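The two complexes that follow have chain A in common; it is paired with chain B in the first and with chain C in the second.
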Partner chain A sequence: MSVQKIVDRCQALYDDLDFNAVKEWKAKEEGRKAIGYMPVYVPREIIHAAGMLPVGVLGGGDQLEVIHGDAYYQSYICRIPRSTIELGVTGRLDCVDGMLFPSICDVIRNLSGMWKLLFKDKYVRYFDAPQTYDDNIGGKFYKQEMQELIEGLEELGGRKITDEDLNNSIAVYNENRNVIDELYAYRSKAPWKALTSEIYLLLRAGMVLPVEEHTELLREYLSAIEKEDRPVRDNCRVVLNGTFCEQPPLGLVKSIEMAGCYIVDDDFMLVTRWLQEDVPTTGDPVQNLADAFLHQSAETAAKYVDTEEAKGNFIVDSVKKYAAEGVVFAAPSFCDPALLDQPMLHTALNNNNIPFTAFQYAENSGQMQPIREQAGTFADSIKLWSA
Partner chain B sequence: MTIAAGIDVGTGAVKTTLFKVEGDNVEWLSKRVTRIRRRDPMSLVDESYAAMLKEAGLTADDVDYVATTGDGENVPFRTGHFYSMTTHARGAVYLAEDVTAVLDVGALHGRAISIDERGKVLSYRMTSQCASGSGQFLENIARYLGVSIDEVGDLSQQSDDPELVSGICAVLAETDVINMVSRSISTPNILKGIHLSMAGRLVKLLRASKVKEGKVLLTGGLAMDTGMVAAMREEMANQKLDVPCESSPDSIFAGAIGAALWGAFRYEKLQSLGQLAEAS
Partner chain C sequence: MNIKDQASTVAEKEDSMWKQKEMINENYELLSTANERGQKVASTFVPGNINELLMCFDFARNFPETNALQNAMRKKSGGMIMEAEKSGHSEDVCTYVKADLGMMMKGNKGPTGLPMPDPDLLMLSYTGCFTFMKWFELVREQYPQCETAMLHVPYQADGNITKNMRDYVVKQLKEDIIPTMERVSGVKFDIDRLREYMIQSQKAEDDLVYVLQSAKNKPSPIDAYFGGVYYIGPIFTAFRGTTAATDYYATLRKEIEARVAAGLGPITPEGVMKEEKYRIVVEGPPNWTHFREFWKMFYDEGAVVVASTYTKVGGVYDNGFRHDPQNPLESLADYCLGCYTNLNLPARTDMLEKYIEDYQADGLLINSIKSCNSFSAGQLLMLREVEQRTGKPAAFIETDLVDPRYFSPANVKNRLESYFQMISQKRDRAA
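Right after this comes the complex of A and B.
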């Protein structure tokens, strides 16, 4: 398949607010179930091991008109819960048999409560994450969370989830993570070829496709992109940070690229890269997933860091690893996790003489000219005035 | 030696320049300005670029860096893109000495940019999105009054009793002009009134960007309008902004000049770093 065909397919999946890919997957076999999950991270391996389709629900984007959703929330919070409610009450999410709301912020936690009240026939779970990374405290708690999720999905699916099921699913997701790592490494090597606007769409496709199909799609892209002849531009290399929950409009990603920036690292769909190394596929799978979460997970603004000295190291490391020349902070308006972290991240960057710029967006932002101007003048300042 | 081209895609015109840069020696090889007049800007870029190369006796392969600015991000053969403020600042430093501020007044908006002696942008202020401070507005009014854009400057300077128009909103300003015509206000007095209204807004931008010394250079399409330059000087005196205001015969090329010169700078920098981007 050509790059264009792959990107077109991903674009169609991205544009489809009715989750037809999920409906088609369910229709192929009677009794199939799909479980929605919100950002930032849930162990999708457990859903997969239950024979169900994990479905990333990332809000309504810039094409959904929110009518009902605004009635459920005050105006001074982000847009993703409103548009997610809109997806739910308009029946677009009827194809999912359950919803997981991971611990990311109070707004999403409240959304899990609303979902329980609104959709009483669905399996709904607030999936908590440990804030203490001690095996005996956070590890024990997190294992219990996963165990309760396993039991809930067993009841919903009407069958046991065995350790063998879980280990097989872990292997499948290890493979997916490895190909995504390859994709990110390739983009860093040739950012003029693997455009971030395309990588974003590829990752979004993984939110609705079965993981095996997604892995194959990523491999096809990697093979096709190598043959593409795309011009090298004199752009600067930047890390994009803050986009881990409410999604930036695709136009925003394209605008940053058009403004003269090659995005060489980002925090899109962290669920696909939360675990940094392969999770063992033998032994106790729940223990292995807990160990991976506690000791091999990504440092991001969406994760608690217990020492002040360590705060922000991840972004400095990312700049070094991907040879970036600066950081673009793009955070959703009213996003507590992203915006409360920013001053600390700014300090870490200042201490390392790494330039940055910051702006805010909503998933339905339409006016990109100010963002183009800001990102463009930032790129100019790096290209012309950095050492 | 570096050959660099600058392409400034504006709202009203496409401007292209070609430079040869060797150390401190900068030679301007060629330039072109083409009014868009409802044509496809990208086709005009292709035509202007080809004509400019031909005039300089060069081919596309001879050009080391093609830099775009303005709305030129979509030019497919660009090597890099620089933003208008960055390029107008560099262009101003090339066109005049002791420039501390640039007033870029194009078809779409006006912008006051405070710069240092290297052409680095220190701060800026822009007009809002209202069209009443823009060259496009002036062009529309000239058309309504039945005068060509080239006549506007001279006519404005013949004014003896200018009538000010709304400086807030293009719709109100157009209504003002219609009323003035029906009241038999002369064309020079209408045009001078528009110039003074626009200048009033632009001088406020300059004051907000805290320009106190050196020189202000007008760039963009309206810098070629002698009536506008005169109105700027008058309004700066009225608002007690005591710095000289100048325009250059090549002010309209400031963005394209800056793009080409920054392109040459980048080419040499990338060459020294061993990271040369290939002009596609």
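Right after this comes the complex of A and C.
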């Protein structure tokens, strides 16, 4: 498949607010079930092992007209919960048989209860994750959380989930994570070829496609992009941070690129890159997933950093790893986690002489001109500074 | 005001209210000299605070949320918030955090004007609010030498406390929090000391529940929101477990018993409320920057709050929970897990519905706080549910805790007046 064809397919999946890909997958076999999950992280391996399709629910973006959702939220609450409610009450999420709400912030947390009140016939689970990382304390709690999820899905699916099922699923997701790592490495090497606006769409496709198919699609992209001839621009290299929950409009990503910045790392769809190493595929899978979560997780505002020295290291390391020249903070308006975290990341960057710029967005932001200007000025200043 | 009313106003002010004021001032004094006296200081949050445990290690206890609200009542928070915003904090985030950081930036003088101490321990009881975690990460930046202890309290997502949750909290207490407190304070943990404090807590909790439930009387002898925030002050903060708190609640209870016996309404800043026209249940924290003005909008109209959820943020005692000296660590865990904002939305909705019935209220008012996602996200659905289930009218207003920019007196007053009118009309129709 050509790059264009792959990107078009991903764009179509991205534009489809009715989750037809999920419906098609379900229709292929009697009794298939799909489980929705919100950002940032859930162990999708467990859903997969239950024979179900994990479906990333990331709000309605800038194409969904929110009519009902606004009646559920005050103006000073971010957009993603209201557009997610909109997807729910308009029946677009009827194809998901259950929803997982990870412990990312109080808005998503409370949304889990709203879902319980609004969709009484669905499986709804708030998926808590430990904020303490001792194996014997946080690890034990987290294993039990996963066990309860396993039991819940067993009941919903009417079949047992064996260790073998889980180990197989872990292997499948390891593969997916590896290809994504390759994709990120490739982009870092040739950012004029693997454009972030495309990478974003590729990752979004992974929210609705079966993981095996997604892995395949990414491989195809990697081989197709290699053959593509694209002009090298005099752009600066930046890390994009803050987009881990409510999604930036695609236009925003494109604007940053057009303004002269190559995005070489980001926090899109962290679920796909949360675990930083392969999870072992033998032994006790729940234990292995817990170990990976506790000791190999990415860092984001929703996660506690237990020492002052370590705060901000993650973003500084990412700048170094991807040879970035600066950081662009783009946070959703009213997002307490992202916005409260930022000043601390600013400190870490300042301590390392890494320049940054910051702006806010909403998933339905339309006007990109100011962002393009700000990103452009930032790119110019970096070029000037490094000249 | 008749002589009886006057006497009781004075009596209330003299006894429980003055007692409380003294306690609070004393604590600020204690805090201001703690560093030089060598007493270790712990900062911690109200919901899920483990005050009794902190006392076992002789920590002086500092509650940044209380500082922020005290500063707001003294009209100082606005400048502090601006200061934090000037230094790069977003307008969109919780103003409690900004008021606290702004206070530090402005020389770290507490609400009474005395200097605030450097903390030796940031006791991050992560209960019912995500922002707490960021808040202490931010404070930690200012005090790199100070230890931070994280007590992660899982959310009651399915409306109950599971064994896994309780075990997790107890394990953290035993294996992490207590050893950290021992290390920071140099004091060895003595579980019997904890039990002793808990005996005091229990007594105070019994009396507090009596006071809050006295609002079932008609007329209600208390206002369970505006008055209620005074009643919860000591028990939700540095004093739970002390004999001073126990004495305070015993005194308060006696006063309220006397009011019930005399058939009196609540005391307001302008004396005893005359006629009780409306009985309201309130969800959400109050606004602190215009507290008196806000309250006046109620008592001028004869509206009394008979139950509120805000008075449950530091512990839901009216459902029967008490600190249990027989099982001290388990009961600390249950306490943390049971705080109001750690309950899921269906449980919060059920609670409001029950309050409306149990307290024979005329309706529900939600004061939605811009700062607080923990409280506010989902309140509009709660409102609809409660309205549907009870058939009682509900109303929604929006303010902030400590940011004076978000209190619009005219709007709030209008909204309240039309709400009270709506209740009257509904009542007339029913009659």
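A few points about this structure:
We adopt the following convention: the second predicted complex is superposed on the first by the 385 of 387 C-alpha atoms of A that agree within 3 Å, B and C clash if a C-alpha of one lies under 4 Å from a C-alpha of the other, contacts with A are read in each partner's own complex, and residues count from 1 in each chain.
Note that in this section a residue touches a chain if its C-beta (ideal position, glycine included) is under 8 Å from a C-beta of that chain, and two chains touch if they have at least 3 such contacts.
Bear in mind that the values here come from a model prediction, so they are computed numbers and not experimental data.
Annotation for the three-chain superposition on chain A: chain B and chain C fit side by side. When both complexes are overlaid on chain A, the residue A:M344 reaches chain C alone and has no touch with chain B.
Once the two complexes are laid over each other on the shared chain, residue contacts for A:Q131 go to chain C alone; chain B is not touched. By the touch criterion defined above, A:C335 reaches chain C but does not reach chain B. When the two complexes are overlaid on their common chain A, residue A:Y72 makes contact with chain C while staying clear of chain B. Here the apex is the CA centre of chain A, and the angle it makes with the centres of chain B and chain C after alignment on chain A is 100°, in steps of 10.
Touched residues of chain A, counted separately for chain B and chain C, are more numerous for C. Applying the stated contact rule after C-alpha superposition, one finds that A:M258 touches chain B and leaves chain C untouched.
In the overlay built on the shared chain, the residue A:L384 is in contact with chain B alone; chain C does not reach it.
In the superposition on chain A, A:D106 makes contact with chain C only, while chain B stays out of contact range. Of all Cα pairs spanning chain B and chain C in the superposition, the closest are 18 Å apart. Listing the residues of chain A that touch chain B in their complex gives 231-235, 258-260, 372-373, 376-377, 379-380, 383-385.
Of all residues in chain C, only 87-90, 92-94, 97, 126, 129-131, 133-135, 137-138, 140-141, 144, 148, 150, 152, 154-155, 157-158, 164-165, 167-168, 171-172, 175-176, 344-349, 368, 370, 373-374, 376-381, 385, 398 touch chain A in the complex they form.
Contact residues on chain A toward chain C in their complex (touch as defined above): 71-74, 76-77, 81, 103, 105-107, 109-114, 116-118, 125-126, 128, 130-132, 134, 136-138, 140-141, 144-145, 148, 301-302, 304-306, 308, 311, 331, 333-337, 339-344, 346-347, 360.
Chain B contributes residues 65, 73-74, 76-83, 85-86, 120-121, 262, 265-266, 270, 277-278, 280 to its touches with chain A in the complex.
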